[in-house]
Amino acid sequence: MQQTNSTASKMSGRHWRLMFSDQVFKWFCLFSAIVLCVVLFSIVFFMGKTGVLTFEFVKVTEYFFSLNWNPGFDETATYGAGIFFIGTILLTLLTLIISVPISVGIAVFLAEIAPTRLKETVRPILDLLVGIPSVIYGFLGLTILVPFVAKVFGTQLGDGLLAAALVLSLMVLPTIGRISDDSIEAVPQKYREAAYAMGCTKLQTIFFVVLPAARRGIVSAIILGMTRALGETMAVVMVIGNVPQLAESLVQPTSVLTSNIVMQIMAVPFESTWNYALFFMGFSLLVVALLLIVFVRIINNRSEVQ
Amino acid sequence: MQNLKDFKASKLAKIFNQFFMVSMWVLGIITVFFVLLLLFLILKDGLPYVTWDFVIGLPSEIDAGGGIGPMLLNSFYVTILSLLVSIPISLGAGIYLAEYAPDNKLTSTIRVCVEGLSSVPSIVFGLIGIALFVEYFQIGLTIIGASLSLAMLNLPLLTRVSEESIRAVPHSYREGSYALGATKLQTIFKVVIPVAMRGLITGLSLVAGRAFGESAVIILAGGVNASAEMWDFSLFSPGGTLAVHLWYVQSEAIVPDAKEIAHKSAAVLLFVVLAINLLFRIPLWWMERKMK
Amino acid sequence: MKKITIVMLAVAMFLSIFAIGAQARTVSGSITINGSSALLPLMLQAKKEFTARNPRVKMAVSGTSSISGPQSVRRGVAQIGTCDWDASTNVPGFKKFDGLVANKVAAIPFATIVNSANPVNNLTQQQLIDIYTGKITNWSQVGGNDAPIVVVNRAFGSGTRVNYTAKALNGATIIRSGANYKEASSSGVMATTVRTTPNAIGYIDLVYVTSGMKALSFNGVAPTVANVINKSYPIWGYGYMMTKGQPTGATKAFIDFVQGKTFQNGAVKKMKFIPIGAIK
Amino acid sequence: MNDYINLHDVNLFYGTNQALKDVKLQAAKHEITAFIGPSGCGKSTLLRCLNRMNDLIPNVKITGEISVAGESLYGANTDVESLRKNIGMVFQAPNPFMMSIYDNIAFGPRRFGVKSKAILDEIVEKSLRAAVLWDEVKDQLKKSGLSLSGGQQQRLCIARALSVEPDVLLMDEATASLDPISTMKIEELVQQLKKDYTIVMVTHNMQQAARVSDKTCFFLNGEVIESAPTKTLFNNPEDKRTEDYITGRFG
């Protein structure tokens, strides 16, 4: 009797301890998740707070729509950041145009076509590319790609949107490629079997069954690659030419948001309109990236509902 | 109505299919070739000349023959510290999202935050690092500042990987564990995480490789130079890593062998990232062999 | 006698230990240096030599850009801010920093550079100004091949740019756009661009002139250390260590060391900067 | 027409592992042939040989002769896609595509070049009717195929297989994942389909084979032990092993 009692109490002591650690762990997990949110909100808040000061001195319309970026510390300074916004949009689009077909192609190749051996060799190599510092991409771009582009186009300088987009494409290739690869691989075999059993060729199976089923993964891979392209600085600044002018061709030096920030942020005093204007560019990048993410979530939710 | 019975697969579809297969192979081979070429370009000018003295030697500002010891050490140190900070948080957040998160506003907010955080340009983390550690705490450009800023960069990717690999564990495993009377905590640690380990480690190696090669954050939050002596583990030493040193050597260094140092540093950097990828996989192979 | 000798010896030893201790105590503390990346190698070397002699001084050196030097000093983040120009005075584009004191480090010569395949060897100041302001756009106008000139500039805030604009271009306003104009983010990018672009013109610290490019004479004078010292080549500037008020304590000891003979005639010369005493 | 489907000395290897040994079989047109046997006996593998689905698995080697309606399946110029179109398949777990009910059915005809909306509508209705699903889904053709119940999904898959008008329908344990009522519905459906199609089904469930099929083949370790009209096989098995299996001594 005594013994069973003590076992019971031991049991319940153990029970409580387990329940307690269970709860503590759950709270720890929730806390961790909230830490992430706090980090993001602090970043957005800090960038926004600093950036918004720009508009004490600069008209909002001038900032966004004027193409005249001529900052300085006297009365004649103008802060038209339109060039950089246009540059970033063009660069991102161009990068996607080049990289999406190749990256998704590689993903299809890896997930659907390549023999197992080859897959297992190529995947780690692609993963490895993610770890190569952007400085190395930048210098390879500067020393090999830019002169090459100049030669091909017969221009004096090879710097510009094309060179930057090519470097960025290479940089986002592993990101888009591997995540798409994973999501294609995750499409259950039964869908492929169903398609083949209907008499579909491999091409038809991939295009009409596999890719649509992996659509969400591929779209988020592209968005992820896109945000990487949007935010990349160290490599872009070496090959874009860094001239605040609207690019009339793909091989004319121009500037984008990130390259302009990194070129100038170090050289301007913290408490100056110029600095605020640069911070607002960073803030804009952030907002655009966040909007993209929300946009993707909405698309995904909608397709889920359907 | 047409009689589908007599329909044959169209010649065109077959030709398209053939063409597609060939072009995919071509694309695959070109890409693999291109990537290998890239790796070769980076390694060929550096790796053959890398010596042990270079790897652990002190850098020099005047004479040729300086090493990268303190920077390389910093790279490891900063990477490991940043992972030590980010792993518990990311794993916690990943577990929360995969195991606990109810389907409500808070959860979707957290999800948007994780994805949003992963889209923050790395230079912004650097700016935040400066604002926080240099301006606010006034500790200057240090290892701790670099590590914590880098940890912020690691968080979203690591969280994503944790969540995905935990989610990928089939539900039947959990049910098996609950059926034996295990609590949720026990189930997570004894059943779910071991099964998810493969995904977790692959993700971790990706994040570690990326952290190892990150430069924009470190330049701003850790500075461009490392401690002047080897094996300096002080958290308040300058936090320049090998990736930053590479940038420094390529842009501003005066030493006559700057170019060689840059090539060798790039080779070492790539080699280490490769090694990280391999090293992380060894325990996996081992575990899988044991399971068989 | 013996006793006295021993006592005196002991006292002397004690005193000398005390003296050493006292001396060591005067140069202890911590110094944070931030600023110009062009002066960074020199500062790193100075730190190495100085801390070898004064192990009690903790030093942290970093380099980002010239303007961040005086800025961090003014905010109190750093004791010494290195800057490629005298930040206590107004220079084009930058207001002076009140309350900062400029301490010279060394003189830095700059060179106009072109691709080594370019036949042009000399440009006059007027020709340079015309090139950088966009009046001359073809090498044939200055005696070279019939090829467009590609103007490579450094980013705003670069110390090299401030000095070069002031000394070589007489403060002229450099063009801001065009298909054959680009800005380089660092000395390394400048060097690589000129090396890989046949018709480029740029400028760089004389130290960085290496293979693939050549330094042009200015008004017929070759950019050499000797010509800077004899004042016939004018494109050079002093590098400065900015301090908040007159330096004291460890900071003063460090600045004294950097300006002292050992360092000036040693590392400064070796690193191809020009000692401050050399130019009269 | 008793040898509409004819297999002669079929051997199949996964690498060095032999999964089918000298299989000889005939199946008659417009009959239901059932394959039974314990799991791993090779019955599904054999079924997948009939529409060359095993081609999709690397390292598979097949020898012997398989023909349907006198045409060899593994000939040098066999048009695999047309072959698979003519020999439809329904799988163990329902696998409708992640698209609408309509698109699921129209998928096959579209791949074979049917573009006209009117014809597609007709095919969708006809196939769904044939699979006895039309009345349940006719008002929600735009809804996702995945929104249906398991039994409905499986009938959708059958309708999808019928949409390209195959000659033969292969069913690989098509009711294994369904509840008894859905199973019953599918069994009824299969009986009806017999009129127009030749059906080969793999089943785990002996009663199902007994209820539905005209002919039953018993597999063990990659070999056909016995193959006979269903009644004969279940009432008077010739082989001791067949008897042991159908009386539940193993398997």
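Think of it as A, B, C and D in the order they're written, each chain with its own count starting at 1.
Just so we're on the same page, a residue touches a chain if its C-beta (ideal position, glycine included) is under 8 Å from a C-beta of that chain, and two chains touch if they have at least 3 such contacts.
Worth saying up front: this structure is predicted, and the values here are computed from it rather than measured.
Between chain B and chain C, the least number of touch steps comes to 1.
Contact counts per chain pair peak at A-B. With chains reduced to the mean position of their C-alpha atoms, the one farthest from chain B is D. In this assembly, the C-alpha centroid of chain A lies 15 Å from the C-alpha centroid of chain B.
Each chain gets a centre from the mean of its Cα atoms; for chain B and chain D, those two points are 48 Å apart. The geometric centre of chain A is 38 Å away from that of chain C, both derived from CA atoms. With each centre defined as the average position of its C-alpha atoms, the distance from chain C to chain D rounds to 82 Å. Among all residues of chain C, those that touch two or more other chains are 64, 75, 185, 189.
Along chain D, residues 81-82, 85-86, 111-112, 164 each make contact with two or more other chains.
Across the assembly, chain B contributes residues 9, 13-14, 250 that each touch 2 or more other chains. The list of touching chain pairs reads A-B, A-C, A-D, B-C, B-D.
Residues 9, 13-14, 16-17, 20-21, 24-25, 27-28, 31-32, 35-36, 38-39, 41-42, 88-93, 95-97, 99-101, 108-125, 127-128, 131, 152, 155-156, 159, 183-186, 188, 202, 205-206, 209-210, 212-216, 243, 246-247, 250, 262, 266, 269-270, 273-274, 276-278, 281 of chain B touch chain A in their complex. Put simply, chain D touches chain A in their complex at residues 51, 53, 56, 58, 81-86, 88-89, 91, 93, 95-99, 107-108, 111-112, 144, 157, 160-161, 164.
Here chain D touches chain B in the complex through residues 79, 81-82, 85-86, 109, 111-114, 119, 122-123, 163-165, 167, going by the rule given at the top.
Touching chain A in their complex are the following residues of chain C: 64-68, 71, 75, 93-95, 147-148, 150, 155-158, 176-185, 189, 192-193, 196-197, 199-200.
Chain A meets chain C in the complex at residues 70, 72-73, 139, 142-143, 146-147, 150, 155-157, 159, 237-238, 241-245, 248-249, 252-253, 259, 262-264, 266-270.
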